[in-house]
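Same chain, two partners: chain A is paired with chain B first, then with chain C.
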Partner chain A sequence: MALDNERARVAHLLRRAGFGPSEQELNEYTQLGFDGAVSRLVNYETQPLVPDRVAPEEVGLQVWWLDKMVHTARPLQEKMTLFWHGHLTSALRKVKDPNLLQAQNELFRANALGNYGEILRAISRDGAMIRWLDLQTNRKGAPNENYARELMELFTLGVGNYTEDDVDEVARAFTGWSATPDGQFVFRRMQHDFDQKTILGQTGPFDGDDVSDMLAASPTTARYMARKLFRYFAYPDPEPEVVGRLADVYLASSGSIKSVVEAILRSPEFSSDRAYRALIKSPTELIVGALRTLGADAVPPQAVQAMRLLGQELFNPPNVAGWFGNRSWINAATLLGRFNVLGAVAQQLGGPVMGGQPVTALLDGSTTSAARVQRVLDLLVDGEASQEERDALVAYADQAKGPQQLRGLFRLTMALPAYQLN
Partner chain B sequence: MRLLRSRSLAFAWLAAGALAGGLLVGSAWYATSHNLTAGLLTNLAGQASAQEVAPPGPAAPAPTTSRRPTGEVTEITADPAAFTLRAEDGTLTTYRVLDTTVFMAGHDRPYRFELLKQGDQVVVRGGGAGKVDPAAAASASAQAGKGKGKQAQPTSAQDGELIARQVMVRPAGEKVKGKKGQAASAPANADDGGSDGTRQ
Partner chain C sequence: MPLHRRDFLKRGVGLVAASMVVPAFIAETARVLDLGPAVAAAQIGAPPADASRRVLVVLLLAGGNDGINTVIPYGDPLYYQARPTLAVPREQVLHLNDMVGLSPALPKLKARFDAGQVAVVQGVGYPNPNRSHFRAMDIWQTAVPERLEQTGWLGRYLQACACGTDKQLEGISMGATVQRSFWTELTLVPAISNLAAFRYGNPRANPDASQYEVEALRRALSQARGRPEEEFLRQATRTALDDADVMEQVAQGYQTSVEYPMSPLGQSLKTIAQVIAGDVGTRVFFATLGGFDTHANQPFQQQRLLTELDGSIEAFMQDMERLNRQNDVMLMTFSEFGRRVHQNASNGTDHGTAEPLFMVGGKVQGGLHGAYPSLSDLDRGDLKYTTDFRSVYSSVLQGWMGVSPEQILGGAYPTLPLVA
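Right, the complex of A and B next:
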């Protein structure tokens, strides 16, 4: 079936530009039509900002952020916050201060679809990033190249598009960029190298902001970011002409991430068969999506440990390159883990975590096994299943009489291959 | 039909397996969630007391100066920002809080001075005698530069005051969780030499 009707296209859109919709959300966005749905997503400031329902001081950053993702009325803003967290990474295990990671998270949220040059300027001043990539030890006469190298290799140009001399010179431009113990940016004038630098063929007394602007304006960065964003939202290995087209959007808009993301979502490639179910759900997408779809009222604290078991501990990406994503999410261990985690979510149906509504309410009055199966398939996988899968589910539903067995129907449906895909 | 039956059977097994696995995962969740602060305090307090009782002699580890004040908050003042903690031996010590003092309540749990209350258990790092905060001084000097960065710190401790630079908090009323005799997950400020911002 793929994306042959408006509702399926909108559901696809909400999985990629968000974490999957609740039924009510899908109805609302479908009424807008696909184009209207894209407009609402990218212009998220028109939607209400849901106040924090839990405090990070009480539940920790991970549950706090997961709760935001589950309850947000601005799913693309949170999805982009997650993108930036995996792109401009920092991790608690080195930063060792959750206050700084929270501030960085808020920075990403505030600039979710911002201008990339401004984002680079801001992240170069971010307390967590300064500590994560050792900027505070970068001094005139003894530069630390860690931030300079990653800025070009992972944040902008990509490997092979700069020289070791460029790394040296960019490091010099960022000398003296440091932070106070509580993470406030401070420019240490005495440690800054004010001399001339030659970076990517240009010479001048550049500082960090100059470098951020220079790198953000580079056509190489435009292609790098266009490709990375397309892979995040649509499918791996985009065609060169698609990347080129999106890079043009980036350059024409002076680095507007909003323009690039909107172009991706409205592109024919995004709604193509190649894109449909082409990505494997990350643990965040898997768990948040299940909680959203099934109407969760809260994020169970166990979700934090589940995320770690599945390979995505928020605020602790594995290294500076972030999570590899897609196929790396599933192996023999994590596949079973995913089934178990989703089973644990299904087990909560009817309980306070899931809003307390009876399992039967989710079935919307359907009484026959076939109708119940269709209802659960509609909720979870756009109504799609092979005949074999459908028959097996109906056979199970024939014997599922009580709430516990009905929870099993949700659990089995979420174990379908289609549910693992975004 | 046989295929269908075997599929149904497979689903039944899957359901049973998932149920058992789910219970396993669920148990793991419950056992490990929310014990980070507790583990941190237990670890640090343990380190401190171990250093106190370590016998002298060639086989004993070399004494260090890393012992960190641990105790219960008994008094808090807003101006100047400070708190007093009572150690296990009853000693009362007051620490000054600066704008740059970092509070946290777990490895992923931020905290603030405004939330501190009597009865909270805390571990204090950097409780050196009062002197001008070097970071604040550097920040102040930096203002003569390009006009970027933070404003000069408005406060520094008086001579002789103890300054808290980092405070780990276990809020009053929160229980220590985790298995007996087993350290909880690595605390935020453990000197674990953990991986840094480089690729592995």
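Right, the complex of A and C next:
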């Protein structure tokens, strides 16, 4: 079995709770042991915050964020920021103002493992979200239910766990939740409906914060979030008892996302054979992972076009539900696109983008084809490959020459199913 | 000579056993439905004899096309009252009858209408129309207005029909990203911008290296895997490499005397024509023409777009006639919504509701279908729809694609006679 040694388990952990390690990072985390590695990841504030190396107004929001992911010393913080972006979505094409999306991104980063009730309160005041789900048009006597509906359908309870009346009443509670033209939250008293509302069977003069608290405390939300987080980190179809166990952790901690995520990472299911190579890398995980593992110095500007072609434009999720994930990433065009994007990255090996270290430095002294293949497999896929994969790579290495040999081996190995999986 | 995909696979990639190219999701579909593919196909009804060569081209007019200035109710004085500066003068309208006519930017479409090859479905919409681009687009592409649905109607069609083993190329979404209409968990419809980029490696930079790598990759992926996602990716990768080979042949085998507009839509339709000429078994294509969100200074912008639409469709149909495939194609337009009856203060129109759809093809039942919505009986300033869009989808699925639409659309809708 693949997760039978500490190093492989830690590598698995760093792919899931981060974007895949460089060799040096993997060495460091392995020395901590799996449990110590989890502790360092979830207590990320003990690690330094890497200052921005590029400015969003110069390189665009996407490259700015990708660069953070590549260089962060707090991989789980960025991984959770990505989770929130796909969960509490907003998209630039409607919000228009990149400053608001950047502020939302910082909100997610600051609360990456925060308390869910507080996150819900904060997102209902977020300038990008207010525009994305039309909260600023939600007024007493003329409610806009967009936020209310998605709050329950996608952010907390899940479809089927509330009524149309609940939607109407939650919309009333959020009347007056608005923003200035530059996206600062304002509560417009004149537009707020101060009357009684009945929501999920409870009656009171609720406002938006009351609703956020009520929904965050719901056992239905606990199960919904437990399931969604488990799917993000472990595998797609968690057993009901696993979801129940994690929902209990959520409720006992009053909605601590940190507690739930830590419980997932330390669970036997996370390190089980079923979890190994069970998730398909998102385009973000694929590109950031390759750049981290190969020691890239900078995110190439072509990454923007690549992300679009591979189906994940950051700050522009396809709709309120975020990205489908897993098998939906894959079709003939995106697969060929993945190979070509990774191929272009591999082609930079030995060049300035990769820090200028010679290609041979990655070889660690290996000279024979078989040793070089093993070396690349170790770096990219836990050293685990099938016999025909190995044979094909060795045969390729035998007939390829010079720096192209190693670039080709990296390209081919990154095209293997094992590398496309997390 | 048209190149058939399966023949090509046997000839060109002969070392691949037939069972190897059956994508995983076929088995998946059968497993999920707990049916063999044959049983699934039988359940939705046997397609007409010639249906296997039938192609549907869905063309999205993105942004919300002003249907009222596309299919113009010039016989109604209310039209001229509602649009003092936007209305097209009656003598410029290309009359279809004494009440409605086409925009003067659509002369070629008008000629095809006169030849009986264009169906105009009037007043298409749905209850409680949504005026948000995003939500309305989801509604049209999923065909589910009532709730948030992830899967698209064309994806569900491809999944349900289980038409053959070459499922991956049975739908092609033109452009950078796969349109929502094709989304399902199990179909693998690719998004193709241009055929030259649909391949492994960079042949111009290093043709030999790419070829060596493709061979190595095929060899590395010859054996089945135990882990489900690894096996899924193994098969998807093999299929992608095969598809790239097929598409390379398709591109090499196509030459046309028809001049397509150099516009993105013209080039998309030209690529679609190439694939149809290659006869690789693609059933559904999706192409997009964007820019219809004409809140301000509408006339110039809409005229430019409709002219592009007119020229592109005409070139495509001429190419189909050249290939003698004009009776095998149906091209259908739609937009996420129509626009308001009354013009706004910026010489434009705001988001509206019901809209006209065009169906073009050699076997389309030409003429006007459905009723033009009243310009006086409005819903908050917008047209009330007269034909549910799911009726149009049903008509296409049943009349053209030869499948029973109920399971795909989650209900029965009255059909229109859109196929001759």
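What we mean here is this: the second predicted complex is superposed on the first by the 421 of 422 C-alpha atoms of A that agree within 3 Å, B and C clash if a C-alpha of one lies under 4 Å from a C-alpha of the other, contacts with A are read in each partner's own complex, and residues count from 1 in each chain.
In this text, a residue touches a chain if its C-beta (ideal position, glycine included) is under 8 Å from a C-beta of that chain, and two chains touch if they have at least 3 such contacts.
Small disclaimer: the values here were computed from a predicted structure and weren't measured.
By the touch criterion defined above, A:E57 lies against chain B but remains apart from chain C after alignment on the C-alpha atoms of chain A.
By the touch criterion stated above, A:T334 is placed in contact with chain C alone, chain B being left untouched. Residue contacts after overlaying the shared chain place A:Y396 against chain B and chain C alike.
When the two structures are aligned on the shared chain, A:A370 is found in touch with neither chain B nor chain C.
In the overlay built on the shared chain, the residue A:A418 is in contact with chain C alone; chain B does not reach it. Taking chain A as the reference chain, the count of touched residues is higher for B when chain B and chain C are set side by side. Residue contacts after overlaying the shared chain place A:S386 against chain C, while chain B stays out of touching range. In the superposition on chain A, A:V320 makes contact with both chain B and chain C. In the superposed pair of complexes, A:G408 makes contact with chain B and with chain C alike. In the overlay built on the shared chain, the residue A:A306 is in contact with chain B alone; chain C does not reach it. Residue overlap on chain A between its contacts with chain B in one complex and with chain C in the other: 91, 94, 134, 146, 309, 318-321, 336, 339-340, 343, 388-389, 391-393, 395-396, 408, 411-412, 415. By the touch criterion stated above, chain A contacts chain B in their complex at residues 56-62, 89-94, 96-99, 101-102, 132-134, 146, 150, 178, 180-182, 184-190, 192, 207, 300-306, 309, 315, 318-321, 336-337, 339-341, 343-344, 347, 388-389, 391-393, 395-396, 408, 411-412, 415.
Residues 132-134, 138, 147-148, 150, 168-169, 176-178, 180, 183, 185-186, 188-193, 198-202, 209, 212-213, 216-217, 219-223, 225, 227-234, 236-237, 239-240, 243-244 of chain C are the ones that touch chain A when the two sit in their complex.
On the chain A side of its complex with chain C, the touching residues are 91, 94, 134, 146, 153-154, 159, 276-280, 308-309, 311, 318-321, 324, 326-328, 330-336, 339-340, 343, 386, 388-389, 391-393, 395-396, 399-400, 404, 408, 411-412, 415-418, 420-421.
The part of chain B that touches chain A in the complex is made up of residues 3-4, 7-8, 10-12, 14-15, 17-19, 21-22, 24-26, 28-30, 32-34, 36, 99-112, 115, 135-136, 138-139, 141-142, 144-146, 148-150, 153, 165-166, 186, 188-189, 192, 194-200.
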